[in-house]
Amino acid sequence: MTLLKINELHAGYGPITALFGVSLSVDEGQTLALIGANGAGKTTLLRAISGLIKPNVGLIDYEGRSIGGRDPHEIAAHGISMVPEGRRLFPSLTVEENILMGACSRRKGPWTLDKVYDLFPMLKDRRSLLSTMLSGGQQQMVAVGRALMSNPRLLLCDELSLGLAPIIVQDIYKTLQSVSATGVSLIVVEQDINQAINSSDNFLCLRKGEMVLKGTKEKADRAEIAHAYFGN
Amino acid sequence: MHEGETLSNSGWKIETPLIGPAFLALLVIALAAVPFFGGTGTMRLMVEIFAMIAMAQAWNLLAGYTGFVSVGQQAFIGIGAYGLFMVALKGGIDPFSSVLLGGICAGLIGAISAPALFHLRGPYFAIGTWVLAELFRIFITNNDYFGGASGLTLARVLKEIPRDIRNDTTYWIALALAASTLVLVYVLLRSRFGLAIRTVRDNEYSAESVGVNVRGVKFTVFVIASFITGCAGAVAYLNTMFVTTSAAFSIEWSAFIIFVVIIGGIGTIEGPVIGALVYFFLREWLADFGTWYIITLGSVAIAVIVWAPDGIWGLIAKRYPIRLFPAGAVMRKKPSN
Amino acid sequence: MIEWIDTLIQGILLGGFFALSGLGLSLSFGIMRIVNIAHGDFLVVAAYLGVVIVGLVGINPIIAIAIIAPVMYAAGYGLQRSLLNKAVGGSELTPLLITFGISIILHNVLQEVFSADFKSLDAGSIEVASIAIGNIHIGLFPLSILVVAFVVYSGLYRIMHNTRFGRIVRATVDDPEVSSLMGVDTKKIYSLGMALSMAIIGIAGALYGIKSSFSPMTGGDQLLFAFETVIIGGMGSIWGTMLGGMALGISQIIGFKIHAGWGAFAGHLIFFAFLFVKPSGLLAKGDQHA
């Protein structure tokens, strides 16, 4: 069943358009990898889905209804959650308070504070520390845990691997897989192409705001992707 | 531009449009003739308008172009006025030359208080200027040397001078003040210093990093604005010949100045002039309604801030390409030979 | 010696009032980055509300606070929701100019409605009661104001750090964008923040109306005092505002004792001196950058 459907989306920042006619769809339980160079429009796309920017033209349908242009907090209440680029934890809040913030939309579901601690036991030991005092990898876990607390049906992950050691990145993606196994759909933006494609069902490559290649994990051809990514 | 191409050989040149100043010159000549056929009441009103235009330009220079808001302009108005009265009454200097002296007093106070005030940013700077005004207001009110609570009057030193000459001279001084303020601000903003001013407004840190002496710019602008406001305050009270602390140091001065600039169009040179005209028109029209006049003005100002932040001139400039005193670069292609 | 202790105590008691008043100002700045220039005028509005309520119902003005605070709360919510929310997050100038406009409108409207006469709220015998410690007399009413200030400060601290609402407010202040991604209606949080700020102003205003005589024009002074309290105490620190209030209170009492007209003046001087000497304030956490 199609959860998210985007059609001919044009969006940007004021007079600067960053997306030109992007279309995609994500089914329930599926993972889509968004790849592309810096400035290709990946984060812009996630921001448009989450409501932080309004589309200029085009449709964003979720659960069968149009969400394009709605306020972020309304969209969050419908079950779209984001792990933002750079984590963006709340610096004045402790680890536990950060995670609890994810539950503001009060959606029902399997994820609770205890379940998040089960997933990331080392966070439980650090629950009263200010989130800024944790290592990069631990902060990423807090960000993921925070996003899960809203019991999302669609989880948007922006550059989870940024600034993290490879072994930590592997752990995080293993966690994502277990989340995906519970039926949550994922859109993963990732600079590490291999990591992105290996952990997803489908992929979409953007360049300068346009779609240049889409495909499935099985049929992914590295040469083709590199060509699409760099455009030479 | 490509390699080897400079501004001078690229085929473009930067112009300073003279249409504004030309228009102004004609207007000044026309206005200078008013004392020959205008009545006292009209001239009194026009002096107020000219003073307000100068004050508004000064505030606009601070807030609209350099980016820091003051709600304490009454400090300099009062200091300028009291400066004039004190040198005229105690120093025996003729009141008309004292206008500049009043302005200098205000400029000096601006220079002294600037270092302290610049520790504050944004809204805190604004309120800090208000505290400065209060310091002076209370000080003067409690000191009989300065006239205390009952104020000062120029009647004694002015009674030698025939009324017509007195009114005409005051009028011409006010006109000269308004006109020279407009020219000064125009020239200033179109200079390199003017460019520096506007970078400070946009982003102090970036300005600093490209070598703009931010502290120097802020200081200079503040002192200039204080000086102009002081001169305007001196003229305004020369006009009434009587000053009290509760009038000269009243917050209402800042209120009117701010409303004038907002409604006319902040960040432009034309805006404050239009705003001043609107202000006085409204004042005369709603004169019978007491404080409802200022309530209306305030409400209009708020509405303008929220829905039409570029003011009246902003609305005009959006529709028509007239630019009388553009502060930004105006480039024109050189005719190719 | 007694004279000095008496001055100190009176200064601290006065400081309690400034601390309460300053809290309202620093709250709206801390949450919405709005410096409410109409702060003092809203204090006066609360005092006039007291006049109206006492006139209508005849109760003691202290009891009227129970009505004034909720009314101001609602007014703050409405003001933020209808007008000030349009100014959040943009240029600093805009909320400043809007609240300045509101200030001017408010004191002129008050003048139209109530005339320029000075008024005062009469709370009865508590206003003159005092506790004696040796040769020193401590006014019961000023002491109560100090106690109220402590209670409000502690209450606010607990709300901010021990409740879900406080957690949401702190998160929204940190990062409104991410907060909205979590499902928080940030506009509503700002409205609630202003509501809280105005409720505190309501309490402070009613107490102000009892302890002093007021007129439509006295709001300006109160704004400056609240502002000086926040700056001297150091921005970003709630308890700093309390200390700042004390410092200002003591300065003003000393000035007043030197000569009756110089109370506020002394406060303004100390404020400027602070700017030259220790501009970050007594207990600064953040900086003055708005």
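First chain written, first letter: the chains are A, B and C, and each begins at residue 1.
By our rule, contacts are C-beta pairs under 8 Å (C-beta built on N, C-alpha and C of every residue); 3 or more make two chains touch, one makes a residue touch a chain.
Since this is a predicted model, take the numbers as computed values, not measurements.
Contact topology of the protein chains: linear, an open path with no closing contact. Across every pairing of chains, the maximum count of C-beta contacts belongs to B-C.
Our note on geometry: chain A versus chain C, Cα centroid distance of 44 Å, whole angstroms. Separating the centre of chain A from that of chain B, both taken as means of CA atoms, is a distance of 53 Å. One inter-chain figure worth recording: chain B and chain C are separated by 33 Å, centre to centre, where each centre is the mean of the chain's CA atoms.
Residues of chain A touching chain C in their complex: 50-52, 71-73, 76-77, 81-82, 84, 88, 90-93, 97-98, 100-102, 104-106, 146, 150.
Note for the complex: chain C touches chain B at residues 29, 35, 37, 83, 86-87, 92-98, 100-102, 104-105, 108-109, 111-112, 220-221, 223-224, 227-228, 231, 235, 259, 261-262, 264-265, 268-269, 271-272, 275-276, 279, 288-290. Contacts from chain B toward chain C in the complex involve residues 63, 67, 69, 71, 113, 115-117, 119-124, 126-128, 130-132, 134-135, 138-139, 141-142, 251-252, 255, 258-259, 262, 290-292, 294-295, 298-299, 301-302, 305-306, 309. Within the complex, the chain C residues that touch chain A are 164, 167-168, 170-171, 173-175, 177-186.
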